[in-house]
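Two complexes, one shared chain (chain A), two partners (chain B, chain C).
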Partner chain A sequence: MATQVRFGFEQLRRAPLVLFVLLCTVVSGGPFLWVAAMSLRTTAEIFRDPYGMPSPVHWEKFVDAWTKSNYGTYFWNSTFVVVIAVALVTVIGAMAAHCLARYSFRGNRLVRFLILSGLILPPQLLILALFQILLDIDLYNTLSGLILVYVSTHIAMTVYILEGFFAQIPQDLFDAARMDGYSDFEIFWRVTMPIGAPAIFTTVTLNFIILWNEFLFAVVLLTDDDKRTLPLGIMHFTGSHQLDVGMVATGLMIAILPIIVIYAFSSETMIKGMTAGAVR
Partner chain B sequence: MAPREIDARRAGVGILIVFLAPALLVYAGFTIYPVLRTFYNSFHAIKPQGVVEFVGLSNFVALLFTDSIFWKAVTNTALFTIVATIVDVVGGLLLALCLFARAPLAPLLRVVWFTPVLMSYVVVGIIWVWIYDYDWGLANAVLHWLGLSALEQSWLGHPSTALWSVLVAHEWKWLGFNMIVFLAALHALPGEVLGAAELDHCGWIAKLVYIIVPMLRTTIVNLLVLSFIGKMMVFDLIWVMTGGGPLWSTETVSTYVYKRAFEWNTFDLGYPSAIAVLWFIIILAFIALMTRLLRQRDRLEF
Partner chain C sequence: MAVITVDKLCKLYAGAQAPAVSDVSFTVADREFMVLLGPSGCGKSTVLRMIAGLEPITSGTVSIDGRIVNPIPAKLRDIAMVFQSYALYPHMTVYENLAFGLRRRNVDPAEVSRRVNAAAKKLGLTELLKRKPHALSGGQRQRVALGRAIVRDPRVFLFDEPLSNLDAALRVTTRNELIKQQQEIGTTSIYVTHDQVEAMTMGHRICIMNQGKVAQMGRPLEVYRNPADTFVAKFLGNPPMNLLPGRLETQDGRLVARLAGCAFALPGRTASSLVRHVGRDIIIGVRPEDLYETAPVAEATQITRLPARVVAVEPLGAETLLVVALDASNDELIVRIGRDTALKNGDRFDVALDSSAVHLFDPATTKAIV
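Now for the complex of A and B:
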């Protein structure tokens, strides 16, 4: 009986906490559910009742968005740019990080400082000159130009995360590998890469999400409609179909879903990666 | 075999070049060179057809002494940065403490609260433009439902509310990130210390002020600096939601740089470059100041 009473008091004291937590959850999750519902309703239905449930469910809106509007093109442009940029930045970032973490050589500190200083460079400081440079070398308004810019601007973060992890791999392993006659590349490929896989996975998901969402570089460096990435495409579509709320909502979901899928599979690693730098 | 060959810490210049060259080349070409070129541009007038004219410091002089929009943008960015940074850190800590205090379903809530961090500014911006819509938006609907119809208004359409409305959307996206960083830091705290405080009947406010906050100092400083950098460069969300309007009330330094470079018919990349350079120097100065002021001289041992 006594324990039951105490249990009751405990519950009472926690009530404000539970209420507050509930409120936060509604505020942070609500807008997403609202958009998800709207993405399956027609604009006419939405204007009749903005907060209704999707009934009937208009799955065909996703097909329409994909084929009749340009979302299919935007989606594949985004996929193409992001996959290639992430692959490149991961490989060359890992090579540089391995080199900085493993070898002691003259200039090690200078190279590290140069690369890591990229962490605090505002994009605005680059973007005007990048516009000129890409015009000069005929890569303005091309996906390859955008890929190069993405790789370059994300080397700093990639090297920062990977170098921190690679440096913690015990030196004994490398000495042993060297004794066994591994070449420098075999050491990189067969020791650092497999052991560093968790860190590499972290940078891959982080870079993927950041680049998938990137807007400023893309909006300055691309102009043709058939080259637009998803964020630009959505902006463009919203600008020209302001009143077609239903279709815009469908477009938003097309942009969000890949991220949600990745998040569902890797939330733990991602959270670890994003917090590691700031907690230390 | 000579001992040098076995030392795994050494490598020939060729090997180093092969490992470092790809990263360094791309980085030099598309990050270092553009930065240097922006500095160069800031002392020039860059007209179309490759006309470049040296103008000395006149871009900076014009910027500092005659450009009232620039100062409006600086004021807005400063307000936005100060308020958002404080909300980020205080709010993030508060949310993390809620989950740390064993709120029900904490692991699930952590995932839900973090989701907005993953959405692009374009998506967040459009969602919040709808939420603020005068006719059918969620904000006015909630006010109406609460019987506060007098407060209903065009949130983004009025100069006095626009900046704060964008700020709310910005915090909606970023609070989850700060929460998750604080939560990780809280879980890394030694349990004995918190347990000892509990045995001493230390109230939770005292526990927060005297134990948790001092022990989280490094995390707090890191998040302050991180938030600060992000807010000083805020562009995407403002661009999507208000484009800097109405009446420059949400114009930030970054949106102004973009407008001067690509939207105004001034056809000069030199002047916006000068803004970007000046702003970068100010950001650097503040980072140096913040880390110097807030850094812990004697590290807490725990």
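Now for the complex of A and C:
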């Protein structure tokens, strides 16, 4: 009897939490499902009944989006830019984080402040300056220029996450590696990087998701159609006098699929990386 | 094999007012096991890290086999170190942990395998070679840490409190294991600890440090029996030495020490060493095991009786510790007696003091009067 009472109370106590989680799920999952449904309907169908279910299901819209709208090029441009930018930002950011976490040198705090101040600058503030700089160095309207901008704007967050994690790695491990004969760079590569893998994986995933969806820098810094990335490709379906809502939804689904796949495989590791200590 | 000489070693950390290590000098002979003993923050680990090359030296020198190694980086000093936290690489298996140092030194893979397997066999790690550190117990991790030092076959071993993370029972077995290994291998070793039992049982010699300086150095029993000052007297021994205020006087033409109203002769002490303290206050030190409930008959002539009251009884199983307050001065003493005592709180009895075993210290300098 007592157990039953406690059980009922426990359920009651958890009810607000369950409701809150449900609400969050609806708020974040609802629009996604709506776009997913729209991606399989024509624009005419959508205007007739905006919240309707796909009937019939127009799978051919995905083929149309890919073949008739240069989507293949946008997709590979996005892949090229994001993969290289994420690789560079990870290696450079990890090196910087390792130095800041491990060595005390003159100006250490200033360097940390300068790097991390990048976290508080809104991208809109930088856009004109970056536009001018890229023009000056002949990297405007190039994928390399966009990669450079992505690396420089995402170093701050990467260093911020990795430094916190690397600082938890016990100093004794580095001392042991020094006694074992390893140089500073070898210690970074063979001790810090493998032990910091969960945090590195986290930054890779986060940076990938953010850069894959990045629109502002891409729209300002790229003009040629064959250099556009996926988020710009979706604009292809919006004109000044008409909006093909159905195709925009299809384009969004194509753009979002790699992110869903990455997140599905890595969400657990990512959460571990953000919450776990460095060494058990 | 190697001789380590530390000469006037000093360490001043940036921004610190006082040096962490000041004027430390000692020599560790070839194949010797030297223990650096002291309380937390006394500078013993800093000395060890300076010898290892992990900490820059402010002044003074560290030499190995007569060659000053101050400018030589840690990796070229041919020293292996076992850390308090074991410092095992968590992403590597036991085998890889053991082989990590050898691989860096470009040792032939077959030789790496031979040496790792030999060390694993010696330390009972053969079954664990494929495991990662998180799947090992504390004792097993400690053995891997030791194995990592052994496989390198270095000139010098440094141990930085390697047993302090183990529970009491495991600490005893691992301590014996370490003693056995050191005797077999015979590599010159320096062992840092704050545990006096480890120091007494493991070290050929111990160097007791206090506030960044060497307080006393010598063979364990030598230091225990003849502490150089009140710090060493208190630090070495569990329970610690009783230190009581007393006075040195002459009585009927002979020197006597006066403690809590009782005067007793000082057998074995020459008058010349004590004469300048006559008529002055001194600190009288007596170890708990030199105080008795019933005086041993054979030494009756050296026994002084001090009337006292039992304040606390601490039965430890093998023995019993009594805390007693002297009637004359109310000073408290710890007495170590047999487990079968019938004494209880509030009982009065005469504490029997073996006057041949007392230690005398100068209250001004805290140094021993010898």
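A few notes on this one:
Just so we're on the same page, the second predicted complex is superposed on the first by the 222 of 280 C-alpha atoms of A that agree within 3 Å, B and C clash if a C-alpha of one lies under 4 Å from a C-alpha of the other, contacts with A are read in each partner's own complex, and residues count from 1 in each chain.
Keep in mind that, in the parts below, a residue touches a chain if its C-beta (ideal position, glycine included) is under 8 Å from a C-beta of that chain, and two chains touch if they have at least 3 such contacts.
From a predicted model like this one, the values you see are computed outputs, not experimental measurements.
By the document's definition of touching, neither partner reaches A:A101: not chain B, not chain C. In the superposed pair of complexes, A:V151 makes contact with chain B only, with no contact to chain C.
By the document's definition of touching, of the two partners only chain C reaches A:P170; chain B does not. In the superposition on chain A, A:I195 makes contact with chain C only, not with chain B. In the superposed model, A:D180 makes contact with chain C only, not with chain B.
When the two complexes are laid over each other on chain A, chain A has residues 175, 177-179, 279-280 in contact with both chain B and chain C. Against chain C, the residues of chain A that register as touching in their complex are 170, 172-173, 175-183, 186, 191, 194-195, 197, 279-280.
For chain B in complex with chain A, the residues that touch the partner chain are 6-11, 15-16, 19-20, 22-24, 26-27, 29-35, 37-38, 41, 46, 95, 98-99, 101, 103-104, 109, 111-116, 118-123, 126-128, 130-131, 136, 138, 141, 172, 175-177, 180-181, 184-185, 188, 218-219, 222-223, 226, 229, 232-233, 235-236, 239-240, 253-254, 257-258, 261-262, 269, 272-273, 276-277, 279-280, 283-284, 287. Chain C makes touch with chain A in their complex at residues 49, 52-54, 73-75, 79-81, 83-87, 89-91, 100-101, 104-105, 134, 148, 152.
Only residues 17-18, 20-21, 24-25, 27-32, 34-35, 47, 50-51, 91-93, 95-96, 98-99, 102-105, 111, 114-115, 118, 120-133, 148-149, 151-153, 155-156, 159, 171, 174-175, 177-179, 184, 187-188, 209, 212-216, 220, 230-231, 234-235, 238, 245, 248, 252, 255-256, 259-260, 263, 267, 271-272, 274-275, 277-280 of chain A touch chain B when the two sit together in their complex.
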